[in-house]
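Just passing along the structure, written as structure tokens.
Labels run A, B, C, D, E, F, G and H following the written order; every chain starts at residue 1.
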């Protein structure tokens, strides 16, 4: 029931003033919430909800998947363990698990037939950055973006990156995933004119401080058009890149 | 001269083999550079070059403005002091200075008549964040984006933010500038479905560590669609937002 | 025996001067200690002692519970493992264990019948913050406060928090438990006019540094009426909230 | 105009449905804001607004004081410089400045006659902590609390603290201000059973890191009933202590 | 008046019970304080009080010197500026100032004739560490220790240190003052078998973090017999070394 | 095929213009890459490729060794586990594993007969630094340098280091491996006039922060001729030392 | 052979000049080493060598004990695991292991009969600090000092500490072991006039950062006569305290 | 007098045994020192001593230059201010000052005619890194190396760096000076096979922490052949590069 209907009922004496007042008092928040869900739905176009699986108890995890199953919708679970996959699979045989990205997803038939749009380039500095890159790439694909994977093009072998430049420049948005020195993001941003989302990874040893070194490198880049998400936050990068890709595709 | 022309000249014996070889050897880098400049030019559409004024010597600064003046182009100078403004003004009377954003710019007539496109919302948590926000806003305007300023809507008075929500949601991209606790970025990202660029500021005292506290808050936000630039980096946010805004406007 | 009695005995020659001197020399500290215990007892009204179980050896733990059992009093054990619960249970079958809060408590019949007073609201940003929140809530209940639990109202979904605002405002004191960006404390403090105790949790990954990010957010909040306890220190928050709640109830 | 009146007007056809709808749509936020202001007013009982003066431009500062003067209300300015005092004084001769606490306040006649209630003890470790302590104390007094000052009772001379214990215990809330090692808060919390608000100060040198050392000491205290505010945040402590003192006085 | 006398008076009815009770209640703390002052006096043998001058207001500083002058005692002021010296000199012409160590002292005739005892070696890594070393050395001398100065023997020129080894080994306690890498303390401790007090200094640049680098080096030394005081804390080292030197001299 | 040949073919009409254009466009990067590989080959003189084994999946590891085996080249694997050794050994029985340095290498017959040149001294502070030192030493040997091992000469027993000084001075380059306080690098650099590469190790406890303490000591050394690599980066030091040793041997 | 003998042989032509030169060149370092060992022996009076067991391989550990056994001397092993104890016991049945302090020692009959001298007070803040305190205490006892244990006297229950003050003051040197807030060292140093060695422990959680919080508290203490050793470095404190105790006993 | 001469005198009875013994006892350290000076002299071939001017008092500075002038040698002063230049110039008119590198040098005629050898490439990321680069370059030139300056080739405009690659590869050693993200060192090390010395600079703002960000980037680089010196330590890099350049030139 929306504001307009309540006011009509008031006008038509179909409702008590006090009751209308109560309804209206609660409404803004519900409305707000509803709007929030609404635009989210419009964003995701029926792709479903996101669950951060790590640290969830078995019971919590199952309850979430159950509720979503009843609503016949899609679900994207991140940071899932193999154990969680096996647990969920017992009840929801459709669930799919990728052991590299650790994404545990259910897709509706409608989503599987969805036509991927635009282009997001996902680059990594090394092979060890691939798990984070795959979390980003598969998140973007789950939400409907086409993804171009360009892995192991770190600056220690710059020629590999340069030979892929034309492809990278063709994307609407670039995700640069790198650990250790983390210079990849800045190098790419200096070579393209599209938004670059840098994802530091916790790969490395010694004074890399679990990714802080790469994070600082990225924040301090003097290349224009670069922004940063949290260490290892492939999901966040994939989600944000999808927002930008959709804007570019006018969706 | 591009590769094609050189090869034609070789074929037609209009050029020595050795000379052609020399030209080609240097070309890729020049090409690369040229491409870079090229797409930059397409990005900026004749708006000009960017100069980080802080720390530049008087001589360096003047030489840069001189070179740009000769090319009859525009220039965006950031972090300029009033002294630098007065210095440059002696030689280039057209130069404009904004003492809040510390932007020192020259605009060509063509640029001044340019029609601003799309919409970027620039929000701040408090009034002390305004200098950084203005650097972002004026950068975006310089590069052709329409800007909506929504200042002093920090989370200590949440109702002010909520009352502006419709306006914020209408933008293609939101820049959230905040110091101290820095929660503004996450709150906005939780309420809209457009990319949010969070800019931590060095405003605050005590355990804020020159903006690190706000930076960490923003990096750790669990709201989706949020990325972060360096502390006080208003320019970077304005530039990146323009890239996104242009994508959304298909420019 | 107090000072007054000793002096009377001196006056009445019922005690040697030297003996009185010895008694008095030790007294201030014992008195101090006694006073301390005394007001603690008055604070806790027979609810018992607190034990930080983590790291205690089995022998140490049993000795403490034994001493308390003999005195027929209550005991609140925090950070207890299931193994410690099973150990203690063998000897003290009345002991109760909550695996979420990890609280291991014995309550006397008198305490169980105690009427809970006032109101403390315990809020969390996410579901992963619940263990810390429960430590706070159950500590407050153990010491006699009524607790209102409002979980999973983090700022990424602000409407959920706003819809609970009236309830939160009705409490004498609010405990805000949040990890990751940790903005919940500041948001609540900006919406109510009661003391808010913020508890950062070590939930998160990347640049959250085991809760330091949330801690800094909370310390730097510009909302008035907010103070902070150590990361994951649910017990400390519950204890402090009880002190404030009692003041408000004039107990 | 509140919800009730709008609905009556709708019922009585005194207002267009569309107009009522518009009014109601904006209302919740205004209501929220209003409520906020309202409870703040009830908290402050006509004592006025708070301004963080540091970093405010002369123009900004004057505009704020002007607006408040017109409303004939009180104002508490913190971190004001002597220059700001002299500026404001020109236009508002009633303004008062304390060079130790750096508080710049205007009090209405009504406020000056207000009867201070309850008791807050403000303690410091050394004499150099006094400016922060005075910010706390004068904030508390401004908002109507009686304050007991107990300065220079740091743990290097424990006997001074112990000799004041009875007085400290008589307060509803204690503010412990200390720099360097910052142990004062924990020592006091171990000796009293009232809420203790610890304020680390940036006093010290070497590895004190501008107050971080004292901050960490306070956060890690194992004494019960202790919480912490930001480094040098005397205002925050005074405000929070007033909230607790009012609860204890049932105001 | 001590406990024994009070009890006698009680016994002899020379004092009211209530009054005796009051006296006894306050006594322990006064006793404690007195004892503290007492042993301090025995430590310092009439050498006087210590004042940390930095940050003291002119008024505070003068009041302290005045009180001490009246008592005809000695005073050791540390971290004094030349301005403070000139201020104090106006009122107390006997005051002496050393611009290197920044010590501002008044010595009684009795102290000036005191025979220095034992031996403390004060070593520095470089010439820039000398101000901190002099604070240590002059503190030790003020409190009655003989001091051996061995400056500029840092590990970059190890032979200089080795050539002084016999002298260093003859001291009861060694103070090793060093900035930058701070390895001096560990090197000396590896060569002698007396307590070594390491003082990190804030000398250096780059990643020395105001002395933290030297501090960490010293804390992590694997040489036995080494302990550390705060960065630049020459006074603390000189005081502690005097305690050890006195123990060795049985004073 | 190089630029010259392509141009000749163009001139002689032996190739289509378009095809030549394509070849040339890709060439610079391939050239660049090739050049890189080329000089690397000249550096390594047929010694092979380097693999960072840690974190590689079994499949990845085998594929790399397989590719190298086919090319009949040598391979240096660092940070290999015993499990990885056993895996690789199944397929490549020639592989050798050193459990101290964790180096997993295959050497061609040609490499095994190679005459080691020059001299690199590898020193350690303690016995626990030996694994990192061996990674450095064996890397240097793998790439053709003669290595002099001087272990356990830390500054806590300076005489051991001094007694080896002549040998150390005879090397072209010194690698100083040390944890805890990490002063070894500076001490050696102060005693020799050859480049010293300092390797901090993560050995230690308490405030050594996983090697950061030693790292800072080394960075802040005032001895000339010292540079630093990442914590525990024995491979990097061994590789760099080989570059210097080869320069000194004019290879 | 010492310098004197060599010179005599030169004088008497019993040795070649060249040979004498060689012997003399090496001598200073050997001499130095010898002196070092010598004074160590005089320090330890036959108590033996110290081994840091943690991280030693079984082979290394056994070789060390074997060498020491042959010399019929004593050995103090720190940070030993139970496994290491069982390993060593097989070969050296006399070895003793304390599972709290993790000290693994062999004492000669002569040492066991040694009369302990002087007095060192070892205090802890809580029961969890006892392992570090025992490492300190048993180290001091191993090297011949009498030790007074005063445990669990942290500042949260100040009266317990005060009631032990006379005993503490009777010691020549005090070791204060404390984690969490770490204020114990400063409190004791403020109450006694003997050297206090503060040992921060890694006990605690949240923002204690593995003992850094306690370390900073101790470094920043404004109490005089306090120095600090590394986190958890009980051995270092026990060794240093013994040096001071010996000085006080003139041994 | 050296060992050989003393022994001869002993043999010839030209010296007392006791006196010879005394001379020999002190000699090793003097010898060591002498050797040190000796090889330093051979390294520097009459180029002179190095003075770190910053923080030196006027008196200290003059005394050093005076001593060196008397010896008719060269001197390299680093981090000199213009004031120091003007002071020194009064007494030593030959002194030269470069206001960019802040080097204050005196060169003998012999040194000025010295033929520079080999080649060191000094590269910078931006123009603001030039002062540090010039300190490195001029240090290297002072000590006899030929220097190739390649400035402003940071990774944000990679083509500029690539176009200079041949020149960079021709050097014996490369110094890479960069602030902000600091990726230059790793990029160059990935493109050349000579030792690269990375110098982080304190240029930048926000989360660059005075150069720590660039330092960490460089330490974590996965490119081979890279080592790092302290932030802004141009002198250290120039000195070390000279050592390597000399090795390559066999000098």
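We adopt the following convention: a contact is a pair of C-beta atoms (placed from the backbone, for glycine too) under 8 Å apart; a residue touches a chain by one contact, two chains touch by 3 or more.
Since the model is a prediction, treat every value here as computed from it, not as a measurement.
J.: Where the contacts of chain G and chain H overlap, which chains show up?
T.: Per touch definition, common to chain G and chain H: E, F.
J.: When I count C-beta pairs in contact, which pair ends up with more: C-G or F-H?
T.: Taking the two pairs in turn, the one with more contacts turns out to be F-H.
J.: Using CA atom averages as chain centres, what separation in Å is found between chain D and chain F?
T.: Going by mean C-alpha positions, chain D sits 60 Å from chain F.
J.: What is the distance in Å between the mean C-alpha positions of chain D and chain G?
T.: 50
J.: Please tell me the distance, in whole Å, between the geometric centres of chain C and chain D computed from their C-alpha atoms.
T.: About 25 Å separates the centre of chain C from that of chain D.
J.: Centre to centre, by mean C-alpha position, how many angstrom separate chain A and chain G?
T.: 55
J.: Pull out every residue in chain E that's touching 2 or more other chains.
T.: Chain E, residues with two or more chain partners: 28-29, 32, 36, 157-158, 162, 190-191, 206-208, 212, 215, 219-220, 224, 230-231.
J.: Using the contact rule from the top, write out all pairs of chains that touch.
T.: A-B, A-C, A-D, A-F, A-H, B-C, B-D, B-F, B-H, C-D, C-E, C-G, D-E, D-G, E-F, E-G, E-H, F-G, F-H, G-H
J.: Can you list the chain D residues touching chain C in their complex?
T.: Listed in rising order, the residues are 32, 36, 39-40, 42-43, 50, 162, 169, 172-173, 190-195, 197, 215, 219-220, 224-231, 236-237, 239-240, 243-244, 247-248, 250.
J.: Please name which positions on chain D make contact with chain E in the complex.
T.: Where chain D meets chain E, its residues are 127-128, 157-160, 162-163, 203, 205-208.
J.: Help me check something: in the complex, which residues belonging to chain E touch chain D?
T.: 26, 28-30, 32-33, 36, 55-56, 60, 200, 202, 210-212, 215, 230-233
J.: Which of the residues in chain A come into contact with chain D in the complex?
T.: Counting only chain A, the residues touching chain D are 3-4, 7-8, 10-11, 13, 17, 20-21, 24-25, 27-29.
J.: Considering the complex alone, what residue numbers of chain G touch chain D?
T.: For chain G paired with chain D, touching residues are 125-126, 154-158, 180-183, 186-187, 189-191, 204, 206-209, 212-214, 216-224.
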